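Here subunit A shows up in two complexes: once beside subunit B, once beside subunit C.
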Partner chain A sequence: MPYFGSEETVKDLKRALSNPNVQADRLRYRNYITRVIRSMTQGLDVSSLFMEMVKASATVDIVQKKLVYLYMVTYAGHKPDLALLAINTLRKDCADPNPMVRGLALRNMCNLRMPGITEYIQQPILSGLRDKASYVRRVAVLGCAKMHSLQPNTEIDPSVVNELYALLRDPDPVVMVNCLRALEEILRDEGGVVINKPIAHHLLNRLKDLDSWAQSEVLRLLLRYCPRSDDELFDILSLLDGFLSSAHAPVMAATLRLFLHLAAAHPAVQADALSRARGPLLAVCGSASRELRFAGLSHVQQVLRSQPAQYCSHYKRFFCSYSEPGYIRLRKMEILVELVNDENVVLILEELKSYCTDVSTDLAQAAIAAIGRIGRTYTEKCLDILTGLLALKQEHITSAVVQTFRDLVWFCPQSTGPVCKAVEGCDETPQDDEGKQALLWLLGAHGELISSAPYLLEGFIDGLKVEISSAVKMELLTSTLKLFLSRPAETQDMLGRLLHYCIEDEADMNVRDRAGLYYRLLQSGPDRTRQILLGPNSDPSMTVLTGRPEEPVSVWASSFNTLGSLCGTGAGPENLPAEDSAHQVHAAEEAELGFGPAEQNLNTEPEEPLSDAAAAELDLTAGPPISHEAFERLWLDLQVVHQQVLEVRRPPEPPETLQAAFLLVKIQTLAFSRADAALWKAYVYSRAGGTLLLAELLQGAPEEPESEGMLLVSIKQQPENQSAVRNFISVLKRVLQTLSSNTS
Partner chain B sequence: MIGGLFIYNHKGEVLISRVYRDDIGRNAVDAFRVNVIHARQQVRSPVTNIARTSFFHVKRSNIWLAAVTKQNVNAAMVFEFLYKMCDVMTAYFGKISEENIKNNFVLIYELLDEILDFGYPQNSETGALKTFITQQGIKSQTKEEQSQITSQVTGQIGWRREGIKYRRNELFLDVLESVNLLMSPQGQVLSAHVSGRVVMKSYLSGMPECKFGMNDKIVIDKQGKGGTTDDAGKSELGGSSGKQSIAIDDCTFHQCVRLSKFDSERSISFIPPDGEYELMRYRTTKDIILPFRVIPLVREVGRTKLEVKVVIKSNFKPSLLAQKIEVRIPTPLNTSGVQVICMKGKAKYKASENAIVWKIKRMAGMKESQISAEIELLPTNDKKKWARPPISMNFEVPFAPSGLKVRYLKVFEPKLNYSDHDVIKWVRYIGRSGIYETRC
Partner chain C sequence: MVTALSGDQPPVVMSHKDLNFIHVRQGGLYWVASTKTDASPFTIIEFLNRLAALTKDYCGSLCEKSVRMNFALIYELLDEMVDYGYIQTTSTDILKNFIQTEAVTSKPFSLFDLSNVGLFGAETQQSKVAPSAAATRPIMSHRSEQGGKNEIFVDVVERISVVIGSNGVLMKADVEGEIRVKCYLPTCSEMRIGLNEEFSIGKSQLRGYGMAVRVDECSFHQAVKLDEFDTYRILKVCPSQGEQTLMQYQLSDELPCAPPFRLFPTVEKDYGNRLLIFLKLRCDLPPKSTALNVSVTVPVPKSSLSLSQELSSPDQTADLQLKNKAILWSIPRFPGGAQLSALFKVEVPGLSSASLLEVGPVSMSFELPKHTCTGLQIRFLRLSPTHPGLSQRWVRYVTHSDSYTIRI
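Showing the complex of A and B:
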């Protein structure tokens, strides 16, 4: 018990409540009852007063009655035998001429949670369902649900269910909605309340009479209904139209969700609904209460997954204000990153830059990370800002900047030079584990460009004894070894010391094993080490080229307007099935590509007319699309079979046109870089006869400045077939020439 | 649906706890206290998940209100419900404070009993609730009253009861706006919007039908085609001239307004509730009149001194007076002393709030005033640069910064014999500052 001397209090109360003088004085009596409830709220166990409280329930004072009922509802489970004493009073009240008293008694009787109560409440509930006062009917309807929850495993009484379905036509809107709620709970095992055509239309027609809570609940239940025809669908949508601009954010969001669900087969309607909901959604994001603002922002984030362009011009709405709590500001920054385009990039970066010096470490680091994300597309501008931040010489900022640098180098290899220069100029080293690891990675991976790399590493090795984090030690091992491969003379000595320490003195098993592994690797010779340690990696810049794909609305529509959308993207359990199916698709692709699709095609379909003319065999054909991962794997595995500079300029068309043009001649496209990028790349593939052709188009390659404006084609093939390559090149050339002649 | 509702004071002591469903136990009360109220770091999100139970909280002054649920509910709805709960409580006993909650403890339990049943919202209109939950408790009701209450609780027009009579038919219209601004140090507007409310107090007999008109751009443009002479006659309620019409970004109405009519004709017609209520809420972002301009000048003199000069300029008609002006100039944490000189009003350095607070009682339009301060700093080892929070401002002006004007409000009551002319109408405009910040 939380309070000292609680027993005394209970005894005092007991004495007072049973004192006839107190009982005679209404106000004093009620005062003592209030004190009992207060103690109950604070967590004191006052269940021993049950007897006295039951006696107090026989009164004309409604307030006192309510208090006593509240008490009984709380403790009835502990004292079922005593609670039965109160039932009589309650049943008598259920027949009171005043509907308020009837409703109150019925509600509390249903709230009593104890075994055996059902036989007493069944009759009052049934008569309550037919009461002439709608207040009592409201209570009785929910009473059915409460009764069911008391004994969830018993059979459902069909007569009650029928009665509830009939009450859906009740003139009182709250009774109607309560019916839906009750049916939903009672029929949960059977999939909830059934929404057929008459019910759906009835609900839609009554929708405007309901209060906002009921509206959003009905809209949620209507998700279950699917219209028979397009005409019906559009009738429903036009009925719902007004609710898209409802005063209440939840109703608006629920309507939008229903729109998206119903119009799943009509993407144009979906897009229209989203664009009309934009105003109300933005209004919620600017509403006075922060919790609603937070909910609004989360929903905007979901919409952005499909329609990033829609909100671009409203980026100023997502600027943070100084007095906003951290959780709102973090969301706003995430949104700002999504909204960047050529026009607003300068202003957004300016704004984000001012958040980097925020008092809160979390926010500052988030802002720096946001700049890093933008840097994947607008590398130069962001690098300037990030380098400038290093000059502030504050630990948490330096650490975040270094981490951002690491990611940037990984995603945009062309930024390596400036990053290395910036790291070299920075004389502050991060002190937290994350930052240390990032710095070590940079030193290891690009040590040849950072002249001070060995000295920095030496500093870490000297401080090894006081280093606690084993992750940092692992990173240190890897990066020292990498640096040794690129600058052996300067690093040999310290590598020896490091390995010695890690193998002999280190307590952490993982670090020791890693050190042992590297030691033995070195014994097999530097070339072998280089081959293993610096082997080809996957090329992440490919994902930058494509940008984040715009997801179809259906991916997130199911979690829209639920808790899932607030708890971060994709955290909801609803997303699991989608992920599973993605895995399956992926697995199927792998199986298909395992031995090369062409080969397999031949194997599995031997009846394919192989006897056709050789020319036809070399014609390009389109096959099933290849995923990014599969393409990447093939690209890394295969060698370049053919490389050639095409005497054509890169076509200035937008990617969609290019893609369509390529598809006409059966060349499938995987990825394009942005139209305005300095280093333009495209990945395409096609099939011809029995081979799969992968090609990279590159313009403005840094190592060949004289080929300015010309396209460099590299082709990889599996299995090799030179005539197919020639054919492919000629087709490719023809397409590109046609395109560029069109524009000129 | 909501499984339970708890109210805590700032120390985490439970003031009110009401559980609606079996799946929420007493331990939920403690879980929220330990994980959120007593948590060491700042609040990470208004929704907290503890052991598969979601806690939604809002804070009013130092009172925490938390709704608990185990279902995947619509979060925005739960928050709206909590706000509604706050509104209802405010309507009953004023400000939500620990003392008020303790004093009205019984009343709150009564309210919680009516508003939610089995976790489902039932009846949350203050007007309807007030008819049968009264503060005096013991109240003998006559038969007539009883039937009136039941019809009120369950009637179709939930917001107004039949048979209201007043000797004097009066109505008060308040246009309350809060203007929000974020301005760069160079005086560039980064973002500005006005969120406004039209609040009405009506004391009208019977079931009157009202029609409300304002200088909404869409309506004016539509009428402009018909004939402009009509306009001049109608604007007598609006008062002074100014911008002709305003573009409203979005607006929402009280449930009494017929939305279908608004959508088709953009006219606002309704049967008003009795007493005070909020007719509409709106937001504008274009052509906002910014009542004040703040021009900051901060100069760092060496490492231990800071010179701040702030000029404020009022930008409205000279005949109008702004009131309750307060400028808050943040100072660094290591401030040791401040000397302030201001031309007008009073300025004080408040060490506990790390700010210089400059108060001016009244200021007319098209004036300017300035303050200069010398801030002495203690030398510190902390290399962290001072982040310079923005200068914020509070004020109240007697016009609507959005430019909204009330053009007319007509009352028709066909059954009782009083006409539109017999109704006494009052219109008032108040513009307040919302978040009004200028970076420095």
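Showing the complex of A and C:
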């Protein structure tokens, strides 16, 4: 489609180009040809000038020649018969004494994409391969690849391949690299150019003569080579050593990738390479070009998957600058979350907090979500910040905070109390679907702790007619039903109204079906409903407590320095905390609906040799908390029924983490001694199969010197049930093992 | 078609079917590469940056107009740089043998040009000062009027990014710097650049009592010879035509001098729905230096409606940008050691004490000509052997704000 000019312009140009006066004046002639090129670039179809342009190719003016060739390469496909007229000029130029002209003609001749051209270019290419000027050889070598692509289904000419392999020893480095490129294209079906030992070593030795583009390309090809022995491997690595700290980002990245690949069997070497590339990689992250910065950040993110500790002390490098575009800032926030440790947490949180009021709502919400992710480890500090943000009374901020709260409660049950208090004190309700759903989930799951929950839900039910999103309606149904189970008196009336509306007036089939399902469920009695509807209110797996495990380098090394690493969010599903956990929540909910009692099995080992029914009976369950006095009375009254040294040491986590971990497996805690106490004690309790279990964990007991720091557990029980004790011990042991194995 | 570019921040890599598109933005233009293979992103991005830099070198400036006027030249450049999708060379030294087309430049009429000519056409003092516009002309214009000038520019450019906490404590201070050479000499033998002799690299080195200039890390262009660097801090290089970055360096967490600006803010609720923001801004540069184009952005509550201000001098301006919900206070010149103050009264309906939390953090952007934050200086610049004909050498220093944030 023409953007500028029209038919008229083409006619004018045609007239001018065929005007002998113009042709006589070199500068005017060239000027008109430039105008043709300009029109072509701007999208005007100037293919009708082909004849005139072919005539213009017979000139000594090299600039004019270049322009005409450019034109011919563009339009040869449309006018193959006319293009053949130019072949003669091109072939003549291929024998020109000036190597620049020879190269130019050969290059453009190979670029003509039209049927039957191969028979004309074959001879010039072959003589070009033996040309004495390296400029022509470079062109000829790539010409072989172009020729092959013009006739893809013909047999590969072995003599050309051999000639190209021989030219790998060409003194000109660009010819050598072009040979690799051409062979790679020609032999693509056979797996590309063969990198055997002599070729690999030849390439390695010439590496320093190449420019940085060629270096990174050769380094990439070398990925294909496998050294025969460790000696050879380390020789190669020491040759490559200098390139690891190259100032050119492409070379540095390609070298690092090769290092990681070659040293796959030597994790220590990999770690060393990563730490030596840290400086250059950080420099890329601060580069003036923001796209390069982004690429650097994406790669840092990959490295963090295996070695987060390496970058922890450099966290300030990842503070956002206000002039940076959003995609860089989002990456930086993701990285900051990974870098948090005890020393920098305060500063990182302060930095993230300042992003929460950003003009861009996306960035503000991402910052809030990032604080929430840190909150899984440093709950208190983050809760303070998040609660403070609610005071801003900004819709998008409130929504993001509520979503973050929902995730926090799911992952860190110990945060439930403060979150409920904050939700209670917040008088702004989110207006977007995501935020509404999160708030509803909180109200349903922890309605007994939020005194205003029925009023908030009532507000939603009153506005039901104008609610569009069916997801919000579904969530509202579930939440109201859950709240009904915990606070029936206040909720009964509105639940009735809600179900009535949804069954009678709702147009969305899913919502109507869900309401019908709940209605029939309620008919089967509140106990049955409770059993089916109420699932765990916190994450039953322990991923949060233990943090994300460090992945081996090999998981991501193959995508290092590829476009893929820039496309996705580099570090896997953890990057989308809100959606991720929301999905889990729903998944859990669906599971409960389908298979009522199954959820109770979540905490027992599946291989336990008990029948399902018995297992369910012996499962630990959380009950009402026991006061200190009651516990003490019971402890003094009862006898020790079981005592055993657990083959685990005391996990070094702070008490609140331990408490949360225990709570996840339904073991409630009464008291811990201080972490630095010489004689460390903990009192915990749980219920199973109708009995109450009390336990004391003891480390460094003087009367048990052989335990050597192992934990000694003493259990008292009322009434007695040996299998419950066994089950309790196995659960306890598993928690402690998981905790200590993840921190060691 | 590829999905429309959304706003000002499209992703760097986009894919459509089997084709990947990678772009960079320079000079307000998108430079896009497409590839079917899973190539190295670093290589492609660096190449696009290099292409943009070369286009700037050859066309004189980087804008849509100069590209449109120089289609032929850019085609010629691309033809020599890339063959069949493979990078052949990007070195100016090699390219200059092949590039024959001359750049078309547009020289807008400017009063500034006239001011160089004094009474009766005599050269005034001004033309002896480092020419700021001279460095934006094509490197190849031998035959044009200006082309005869043999000039070489050495620029020390630093970008500073600072975060100052609400208690005035410096929380983060990073400097990224580079030494750039822009060479218009058709041929140049060897150039020796002497840096401060006290220049030291790395954290571990002991610092004497003198004014040591220290950076954390430092990397050099391939072509730089460093045999005299360790003892005399001299860089030796044969610069090729066009622009090159000879040395890059970083300094983090520590500045040898005080950060250039200090802010003393007071934010309070006035009667009614009015918010009072009183800012005192001090420039801690040495008295000889001056900051230019200083702009201060103060985020204000979302519901802000109007602004009235009292500024200390008439050349300053301040306005409320409703789109960004921020006050933009611009100060064209800010001499070192000076202190400016501004009082902003913002009308915010429904002002509450929570609204105060929305004020800040303040961000600043500025330019510090003739100043480097690390203190890096060029002692001397020597061309050997001395070039026949008049060759002019210029050394310029400038510090830009990459990001300068002050929390309230």
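In this text, the second predicted complex is superposed on the first by the 557 of 744 C-alpha atoms of A that agree within 3 Å, B and C clash if a C-alpha of one lies under 4 Å from a C-alpha of the other, contacts with A are read in each partner's own complex, and residues count from 1 in each chain.
The definition used in the following text is that a contact is a pair of C-beta atoms (placed from the backbone, for glycine too) under 8 Å apart; a residue touches a chain by one contact, two chains touch by 3 or more.
Note that this is a predicted model, so its numbers are computed, not measured.
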{"item": "Superposition on subunit A - do subunit B and subunit C clash or fit", "value": "clash"}
{"item": "First, second, both or neither for A:Leu638, with subunit B first and subunit C second", "value": "neither"}
{"item": "Which superposed partner A:Arg26 touches (first subunit B, second subunit C, both, neither)", "value": "first"}
{"item": "Touched partner set for A:Gly286, first subunit B, second subunit C, both or neither", "value": "both"}
{"item": "First, second, both or neither for A:Leu70, with subunit B first and subunit C second", "value": "both"}
{"item": "Partner chain in contact with A:Arg113 - subunit B first, subunit C second, else both or neither", "value": "first"}
{"item": "Subunit B versus subunit C as contact partner of A:Ala133, first or second or both or neither", "value": "first"}
{"item": "Touching partner for A:Ala391 - first (subunit B), second (subunit C), both, neither", "value": "second"}
{"item": "Partner chain(s) touched by A:Leu233 [first = subunit B, second = subunit C, both, neither]", "value": "neither"}
{"item": "Subunit B/subunit C common contact set on subunit A", "value": "34, 37-38, 41, 62-63, 66-67, 70, 100, 107, 138-139, 142, 145-146, 174, 177-178, 181, 211-214, 216-217, 220, 245, 247-250, 253-254, 279-280, 282-284, 286-292, 294-295, 316-317, 319, 321-323, 325-327, 351, 354, 357, 359, 392-394, 561-567"}
{"item": "Sites on subunit A touched by subunit C in the complex", "value": "34, 37-38, 41, 62-63, 66-67, 70, 100, 107, 138-139, 142, 145-146, 174, 177-178, 181, 211-214, 216-217, 220, 245, 247-250, 252-254, 279-280, 282-284, 286-292, 294-295, 298, 314, 316-317, 319-327, 347, 350-351, 354, 357, 359, 388, 391-394, 561-567"}
{"item": "For the subunit A and subunit B complex, residues of the former touching the latter", "value": "26, 30, 34, 37-38, 41-43, 61-64, 66-67, 70, 74, 98-100, 107, 113, 133-135, 138-139, 142, 145-146, 149, 171-172, 174, 177-178, 181, 208-209, 211-214, 216-217, 220, 242, 245-250, 253-254, 279-280, 282-284, 286-292, 294-296, 316-317, 319, 321-323, 325-327, 351, 354, 357-360, 392-394, 561-567, 572"}
{"item": "List of subunit C residues in touch with subunit A within their complex", "value": "8-9, 11-13, 15, 20, 22-26, 35, 38-43, 45-49, 68, 71-72, 75-76, 79, 83-84, 86-91, 97-98, 100-101, 159, 161, 163, 165, 171-172, 174, 176, 178, 217, 219-222, 248, 250, 252-253, 297, 299, 302, 324-326, 352, 354, 357-358, 360-361, 363, 365, 402-403, 405, 407"}
{"item": "Residue numbers on subunit B that touch subunit A, as the complex places them", "value": "1, 13-17, 19, 22, 26, 29, 42-47, 49, 54, 56, 58, 72-77, 79-83, 105-106, 109-110, 113, 117-118, 120-125, 132, 137-138, 141, 146, 149-150, 153-154, 156, 158, 178, 180, 182, 190-191, 193, 195, 249-250, 252-255, 259-260, 263, 281, 283, 383-385, 387, 389-390, 392, 434-435, 437, 439"}
